[in-house]
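In order of appearance the chains are A, B, C and D, and numbering begins at 1 in each one.
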Amino acid sequence: MTDLYPFSTTIKVRFNETDAQGHVNFAQYLNYFDVGLIEYLRSVGFSYQRMLDENMDMLYVDSHASYKAPAHFDDILRIHCRTGKIGNSSVRFDFQIFNETKDRLTANGEITVMIADRKTFQKKHVPDHFRQALEEEIK
Amino acid sequence: MTDLYPFSTTIKVRFNETDAQGHVNFAQYLNYFDVGLIEYLRSVGFSYQRMLDENMDMLYVDSHASYKAPAHFDDILRIHCRTGKIGNSSVRFDFQIFNETKDRLTANGEITVMIADRKTFQKKHVPDHFRQALEEEIK
Amino acid sequence: MTDLYPFSTTIKVRFNETDAQGHVNFAQYLNYFDVGLIEYLRSVGFSYQRMLDENMDMLYVDSHASYKAPAHFDDILRIHCRTGKIGNSSVRFDFQIFNETKDRLTANGEITVMIADRKTFQKKHVPDHFRQALEEEIK
Amino acid sequence: MTDLYPFSTTIKVRFNETDAQGHVNFAQYLNYFDVGLIEYLRSVGFSYQRMLDENMDMLYVDSHASYKAPAHFDDILRIHCRTGKIGNSSVRFDFQIFNETKDRLTANGEITVMIADRKTFQKKHVPDHFRQALEEEIK
């Protein structure tokens, strides 16, 4: 059994997130990861609004998803997130989606973001206090 | 048989636009209408970029869709659009979606937009040259 | 001030639901209405699964949305729903979306569904016990 | 300069595919890849309908996207696709998205699908004639 990351947030699958195969569309999982990321960052003190207020934005440079088992309409999904790796100007976040309704892992994956200036979208260093907040969390 | 509006643009249904009922999700039709609107406005000389360049934006204030027959993955849809009614600061556009693959009307509806200042999103009068371009088209 | 319908369910705006105008895309509201409808039906005893189990499905025949004020990323939206009108084989549901973060109504609208056989998608009468559950609720 | 794969199909970015950062939402690229995949398979003789008719379906088991440069509303995107690797019961397809409007690569990535029975969704071997059609193409 995979160890699940401590942080998680929960969503319920909406009908428009399914497709004609009868389950959740594969692209939708990246949106779920993103919901998890936003709540995870809020939990370490960085709401997206605070990031913007501090002239920090995130540009998504890489995403990966591995689909383990289908999820269906009305399923309860728990999106787990942790910090995977902190670089000079990028951070990789790791995700697991656990299907509570079906009691199984439904997907996992990663998103790598580049920290950027809010207005110019130019790359910038991961600010120290943001790095510390993330490092604190993964200790 | 409904008369179809002269202007149309064509799209093909994507898999992610379907849902677990096996056909196109009902909310998706508004996106199709929007594709039709953008191409229709371009056809009367107003690309969205030109509108922005002239400090004009559109805020959507009302939408209506009537679903006549389901559309499925890979169906070819022809989105017809015309100007319905021009007010002081709003314009109603009318839509029909004809399913070429199934040879039947699949939906119709309307979108009403308010003309707004690009930066402040404040309501403004429909600019004269925009009004004329639309009136010319519906003569 | 508009009276808000008693039933409501709450969601938080996701980033992928916004568009380049910086607020929630107009088509997205139909998905929000749909979330409200599903939870409302569950609250009167009809989960979507129960409907399917009883060979009942819903085909969406009409939708209308009126946009009152923009909603933005991370806003908390309360989706209110009630039964509007029960016909022979169709039901109209009414919706209000109240933006808790901005303390204002953001949209309202209606969805009319036709009750259909789950397998054939043929129209059928609104089953008596479903009608009673809805009528009970609007008394 | 990256060599672009011979096969491509073209789409135009829709407004609902952008987000509040002003460019195309990162999850949307998987839908674009999927459009490319469907058209690519059609070009080698396997429309999705033919696959279903032959009791073959595809379950998506892995996706990866690398974002090179943002794409914006109304940009013309050319989605390139090729067969990457054919396994016993899975196939990896490779993608490149070239932004014609901006004259640059906007993203690349891969999708791995498992060939499955259409009804049971159970894994099956890549059928010989499907394998041959794909191998023919990558020679």
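Operating definition for what follows: a residue touches a chain if its C-beta (ideal position, glycine included) is under 8 Å from a C-beta of that chain, and two chains touch if they have at least 3 such contacts.
Given the structure is predicted, the values throughout are model-derived calculations rather than measurements.
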| item | value |
| --- | --- |
| A-B or A-D, whichever has more C-beta pairs in contact | A-D |
| Most distant chain from chain B, judged by the mean position of its C-alpha atoms | A |
| Separation of mean Cα positions, chain C and chain A [Å, integer] | 28 |
| Computed distance of Cα centres, chain B from chain A, in Å | 34 |
| Whole-Å gap separating chain A and chain D, where each centre is the average of the chain's CA atoms | 23 |
| Contacts with two or more other chains, residues of chain B listed in rising order | 15-16, 27-28, 31, 34, 73 |
| Topology of the chain contact graph, where touching chains are joined (line, ring, star, complete, other) | complete |
| Contact set on chain B toward chain D in their complex | 14-16, 31, 34-35, 38, 47-49, 73-74 |
| Chain B-facing residues of chain C, complex | 21, 26-28, 30-31, 34, 57, 59-67, 70, 111, 121 |
| Touching residues (chain side chain C, partner chain D) in the complex | 15-16, 18-20, 22-23, 25, 27-28, 72-73 |
